[in-house]
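You will see subunit A twice below: alongside subunit B first, and alongside subunit C after that.
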Partner chain A sequence: MTPGKWLGVLFLMPATLFVVVFFLSPVLLTAVFAFTSMSTATGVGEGGYLITPSTLHRLAERGMDRSTAESLGATTYLVNPETLSRARAAGVAAATLDELGQRHAGKSFDGRRGFERALKSLNNRPRSVRALKQAARHFETSVLNRTFGQREDLLAALAASGVRLSDEDRERLVDASYTGWTWTTDNLRRMFGTADTAQVLANTLIYVFVTLILFNTGFALVLAITTFYLPTTEAAVFRGIWFLPRITPPVLYVLLWKWFAWDTGFLSTVLGWFGVASRNWMLDTAFNAWVFVVLINGFVGASMGMIIFSSAIRAIPEPLFWASEVDGASRWQQVRRIILPQLRWPILFVTSYQTLSLLTSFEYILLATDGGPGSTTEVWSLAAYHTALNNYAGNLQYGYGAALALVLVIIGVVLSLLYLRIFNFDALVARPRIET
Partner chain B sequence: MPRARGSGIIVALLAAASAPLVLMYVFLVIETVGEAPPGQLLPDGFTLENWRFLWEDLPGKANIWAVTLNTFIFASATTVIVLAVSSTAGYALSRINLPFRAYFLAGVLVLHAFPTVTLIIAIFLVLQMIGLYNTLTGVILVKASLELPLGIWIMKGFYDTVPWEIEMAGVQDGASRFTVWRRLILPQVTPGILALGVFSFLAGWSEFILPQVLAPDNKVQVLSVYLAGLIADDYDLNFALFKSIGLFYVIPVVILYLFFQDKLMNIYGGGTKG
Partner chain C sequence: MRILIENFTKRFGADTVIDAMNLEVADGEMLALLGPSGCGKSTTLFAVCGLHVVDDGRILFGDEDVTGWSPQRRNVGVVFQSYALYPHMNVFDNVAFPLQVKREPGPAIRRRVSEITAMLEIEHLLERLPAHLSGGQQQRVALARALIRRPGVLLLDEPLANLDARLRLDMRSEIRRLQRETGITAILVTHDQVEAMSMCDRIAIMDRGHVHQIASPADMYRNPVSTFVAGFLGNPPIAFLSGRVRGGRFWLDGSTAGIDLPGGCEALEDGREIRLGVRPEHVRPADSGPLSGKVSFVETHGRENLYDVTLNGGQVLRSIQPVRGDIAPGQTVHCRLDTDKLLVFDREGTRL
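Coming up: the complex of A and B.
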């Protein structure tokens, strides 16, 4: 390769690295995570092994002999270097421990009584009953409620506790006590199988198409065409006003809408003068919530179409308008016969682009209604967010959330590839003219 | 142009449609310093009470100046990364005949159109796994990476407009491609760097979802998360206080926008917001 090419490779390297790690890998990982049972309970790393009373219950249900399951939960008393040093560190008299170590090293006692009897029979026995009971506590060993990092650790502890299990039971125990995530296709089955999904899908379609038709293309066209016919100053003022939502940070923008609609806000105050009881206009009914969701998103969305359509209209040769004027065409005829035909491609572009961004955006709905009241304004992307990243129940289901997001990621990939073909970008990919 | 007839009606209709926006933005300013009794909109007194968050911490909340500093670090670090990486990658894609160049370009374009917010769950898990969850570093790297396709595309566009003659002259005089880029081409695309820089800074400053999900902790909180948390926590919404914080938050945006309005228009025209 020539030095110039090396420079090119070097120049592309950082971009490639960033994009691969934080952009492309999440695309693929969404698909991977969608097939796991990851949740707050399992964590995202490798899990451990933990036997709890409910594990034992589950084991018995899965066919393990009930008494074997119960024996797993029993406490035994072990005398070994580990327990001895634990007791020593806790301040049990050294003489007692030395003698215990000599006489009972490696022994295990099934119950508390047996072990306490053994302690009592020592020459250097603890002075009081209380001291004796306390000393005994350090030798308690149970596999219950302890987390083991590895399968081997669990099995070793099991062997040490003296419980004997058949190979089959051991495998059952290992499976049942694993706390980490596992591979599963349950997420997809659940997604296609529940009524919630259908409702969320319906909400999503309403949200996307109503906002798109009324504002992102519809009102954007109105703004572009009307401001085209207005004197420059008025046109600039209106374009400026409608551009405000786009540059306002979303948190502040939605705050302004909340003030507008809340029970202590603008609408309630003004309507209060006419005797209408104050209420939360945004959240009191599902219908109102939808109106505000569409308005909040639409007022932001209109500006992109407005800018693109305005510049497309300005690109139309002015003599066309003069000629039509001379021929006696009305405004409406100009719009219908000259402007709209010229805007065919910009309209297609804005519509397709905004379909994708409305479909996947949930920021404004999250801040405004948070899917409420109830879950009447819960759209697909917001449902994924709620499932995996933030809900009141607290158990975040990363795997299921990823499965919901996967649907959007696939739609995103397919539509972006499609747009690339439709809006022929080949012309932009001209070959460089220096070959060094 | 035939633009005089009947524009009165149009103005009236547009004004009616724009009224909610105008009201919201006018009262954003009025309410922060005005004292209005309940049930009345216009204030009858002046107060700085709503701005007390500047000199005393709100209960259970981080210090506003620490939060502002975090926001500044987040927005400027993102900008620096986006500028450095896009101005090099954009040049490579515009001017150097690389193998697979067309694929890189198509890739940049597809990613540019791709809705990044769908990746938030996977990104959250990745940051947890690599230990960058709840750090500014993590959220900076993510924000910069997601912004890169747009940045590269814009910078490539600016490089494309630089005449080839400049480059050829440099190469013929015996300078390396790197020197040519550094000394001759880079100064030609300063307007692009400026526009992209301001755009990235504003995008970082306004960003909410990424820091909310990836770095919600009080220590690394940014202004958007701070304000959203305050609004969400409060049962009795104190709009005057929220608006004061909001106005404080939006000041840099307004200033930058006033200065760089024309340059930003190009980028917003192809913007990514819903």
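Coming up: the complex of A and C.
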């Protein structure tokens, strides 16, 4: 390589680093997490082994003989140095323990009855029934509800408790009792298999396309065209006003909407004068929630299209407008026959760009309705966020959330590549689109 | 249709660009608005077609006052300097546009488009986009679009400025032919005096928002009312000599040469400062005479040569002569002027 090329590489380093750290690695991690069962319960580190009643239930479901599964949950009584010293530490009489040790060391008793009988038959038996029952407790051993750090610990405890398992059953048990995360494709199966997904998908399509058509493209066009025909000062003021939502901090902006829609807010107050019962207009019904979601996002999204369309209209050579006027075209015909055809590329560009940004942005919905009421305004990206990072149930499912996010990442990358092709950005930069 | 411009005034902010202008274009006439850049030719045109609001005065088409009418209502055909063809429409749609926006029936539009494009010889280009046309073809499309509604008035804003010299010549006669055939009243804006003289029935010559003279080209060339008009018409341009009147003759400043004045100027009092306009074709070489000078520049035009003669005293005379090889730069020559063709102006430039 020539020194010049090295210099080029050097200059690209910061950008490359930035892309790798802030774009590539999150995408890669998302893809990795999507194929794990990580959640709050599993943690992200290594897990242990824990058998709970629900583990037994699961084992039975997965084909373990029901009685075998139940036997795993059974309690046995073991007499060994460990249990003896445990009992001693708890204050059971030393004489009782010594005799028990001499007579039954290494024995295991299957049920409470048997062990209590053995205790009773001791010369130095506990004096009361209560003391006897209490002493017996220290010898209970069960693999249930105990966390084992390693697979070997679990198996040793299992062997000690006297439960015999076939190799197959043992593997099942190890699998089912593992509390850490595992590699899995369950997330994808679950995503394509549940009705929730269909609902979220429908919400997403409504959100993206209604906002896009009504506001980000439609209203932006209306604003650009009307301000084009206004005198310059008025036009600038008007455009400035419509630019405000974009530059207002989102939290503040949504708060204003909330004040507007609250049951003691502006809308309720004003409608109250006409005898309409006050209510939270935003979260009252699913329809209202949608109206607000679209308005809140639309007012923010319209400004970008407005700016792009405005400058595109102003780039149309003025003689075209003169010519169309002397040719007899009305304002409306001018818009339809001259302006709109010349805006074909900007419209396509804004539409595609905004599809992507609407698809991936959820901050305004999160702040406004948080997906409610119910989950009627829960869109895909918000669902991913709720699943993985923040929900009421408290069990954050990182793996499933990542799988949801991965779908967005894939759609985003595919659409971006497609747009790059359609727009042929190099050519767009190199050559003006308007020919005279 | 007659066009009458009465006391037309146009201001841009505090600038009065046109001040109380009066102009009449007779029905079927083609009038040139001629003047230097920035004199208000386009402004006048825009007022006639309604794109500019008139600040004062009236504009009449025939006997109808159209001052307050929108451009849409005026039925004026305009060819803009840049042609202003709609870049996203093909030639057919460009030409048909004025009829389409009037919602005329399709067959009628098609008939009229083929008629007008045949007249302009562009019927083979109907499917093309403007970007794929030559300058001359674009010009014809613009003309077709301007004429398709059979407007009462045709306005042309420097229609030939973007064409090369050869094409300009062709289009000149083409536009004139069309104007004659359709009998349309036309205003041609130009700053090219050759264009104005060769294409139009009459010329209105403008300077800084004022019309100096309105006359037929020949008349204006022969009888300019001012040095401005005289200087604007004619190529190569007229030369002006300054001097004084003494004894009914003109005495060149800084020289002892006396020149006879044309008839009608005998009454000028002695000592009056005047300027003498001499067109190059009225200067001929002579063997001897009072007027002599050095040839300072020779330019050949092919058939003719143009000579600049710096007279004794420093003023410059121009002469155009059939090509001849016997006069070279630096040579001293004598000149004779055609006395009755000389133009006499006062010091301010007004014709006497």
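One rule holds for everything that comes next: the second predicted complex is superposed on the first by the 295 of 436 C-alpha atoms of A that agree within 3 Å, B and C clash if a C-alpha of one lies under 4 Å from a C-alpha of the other, contacts with A are read in each partner's own complex, and residues count from 1 in each chain.
Criterion: contacts are C-beta pairs under 8 Å (C-beta built on N, C-alpha and C of every residue); 3 or more make two chains touch, one makes a residue touch a chain.
Remember, predicted model here, so these are calculated numbers, not experimental data.
Student: Given the superposition on subunit A, are subunit B and subunit C in a clash or a fit?
Tutor: Aligned on subunit A, subunit B and subunit C fit with no clash.
Student: If we overlay the two complexes on their shared chain A, which of subunit B and subunit C does A:Thr360 touch? Say first, second, both or neither.
Tutor: After superposing on A, A:Thr360 lies in contact with subunit B but is clear of subunit C.
Student: Using the touch definition from the top, say if A:Tyr419 reaches subunit B (first), subunit C (second), both or neither.
Tutor: In the superposed model, A:Tyr419 contacts subunit B only, not subunit C.
Student: What is the contact status of A:Gln342 with respect to subunit B (first) and subunit C (second): first, second, both, or neither?
Tutor: The second partner, subunit C, only.
Student: After superposition on the shared chain, which partner residues are touched by A:Ser37: those of subunit B (first), subunit C (second), both, or neither?
Tutor: A:Ser37 sits against neither subunit B nor subunit C.
Student: Using the touch definition from the top, say if A:Gly265 reaches subunit B (first), subunit C (second), both or neither.
Tutor: In the superposition, A:Gly265 contacts subunit B only.
Student: Between subunit B and subunit C, which one contacts more residues of subunit A in the superposed model?
Tutor: B
Student: Tell me the contact category for A:Thr351 with respect to subunit B and subunit C: first, second, both or neither.
Tutor: Once the two structures are laid over each other on A, A:Thr351 reaches no partner at all.
Student: Touch check for A:Arg246: first (subunit B), second (subunit C), both, or neither?
Tutor: A:Arg246 contacts subunit B only, not subunit C.
Student: Where does A:Glu325 make contact in the superposed view: on subunit B (first), on subunit C (second), on both, or on neither?
Tutor: A:Glu325 sits against subunit B and subunit C alike.
Student: Contact-wise, after the overlay, does A:Gln333 reach subunit B, subunit C, both or neither (first, second, both, neither)?
Tutor: After superposition on chain A, A:Gln333 lies in contact with subunit C alone.
Student: After superposing the two complexes, find the smallest distance in angstrom between C-alpha atoms of subunit B and C-alpha atoms of subunit C.
Tutor: Comparing every C-alpha of subunit B with every C-alpha of subunit C, the smallest gap is 7 Å.
Student: From the superposed pair, tell me which subunit A residues show up as contacts to subunit B and also as contacts to subunit C.
Tutor: Looking at subunit A, the two contact sets intersect at 322, 325, 434-436.
Student: Which subunit B residues qualify as touching subunit A in the complex?
Tutor: Residues of subunit B touching subunit A: 1-7, 10-11, 13-14, 17-18, 20-25, 27-28, 31, 38-41, 81, 84-86, 88-89, 91-99, 101-102, 104-106, 109-111, 113-126, 128-129, 141-142, 144-146, 148-149, 152, 160, 164, 167-168, 171, 176-178, 181, 202, 205-206, 208-209, 213, 224, 227-228, 231, 237, 239, 242-243, 246, 249-250, 253, 257, 265, 268-269, 271-274.
Student: Mind listing the subunit A positions that touch subunit C in their complex?
Tutor: Touching subunit C: residues 317, 319-320, 322-330, 333, 337-338, 341-342, 434-436 of subunit A.
Student: Quick one: which bits of subunit A touch subunit B in the complex? Just the residue numbers, please.
Tutor: Result: residues 3-5, 7-9, 11-12, 14-16, 18-19, 21-23, 25-27, 29-30, 33, 38, 44-45, 219, 223, 226-227, 229-231, 234, 238, 241-252, 255-260, 262, 264-266, 269-270, 272, 295, 297, 299-301, 303-304, 307-308, 311, 318, 321-322, 325, 331, 353-354, 356-364, 366-367, 381, 384-385, 388-390, 398, 401-402, 405, 408-409, 412-413, 415-417, 419-420, 425, 428-429, 431-436 of subunit A touch subunit B.
Student: Inside the complex, what are the residues of subunit C that reach subunit A?
Tutor: These residues of subunit C touch subunit A: 46, 49-51, 70-72, 74-78, 80-89, 97-98, 101-102, 130-131, 145, 149.
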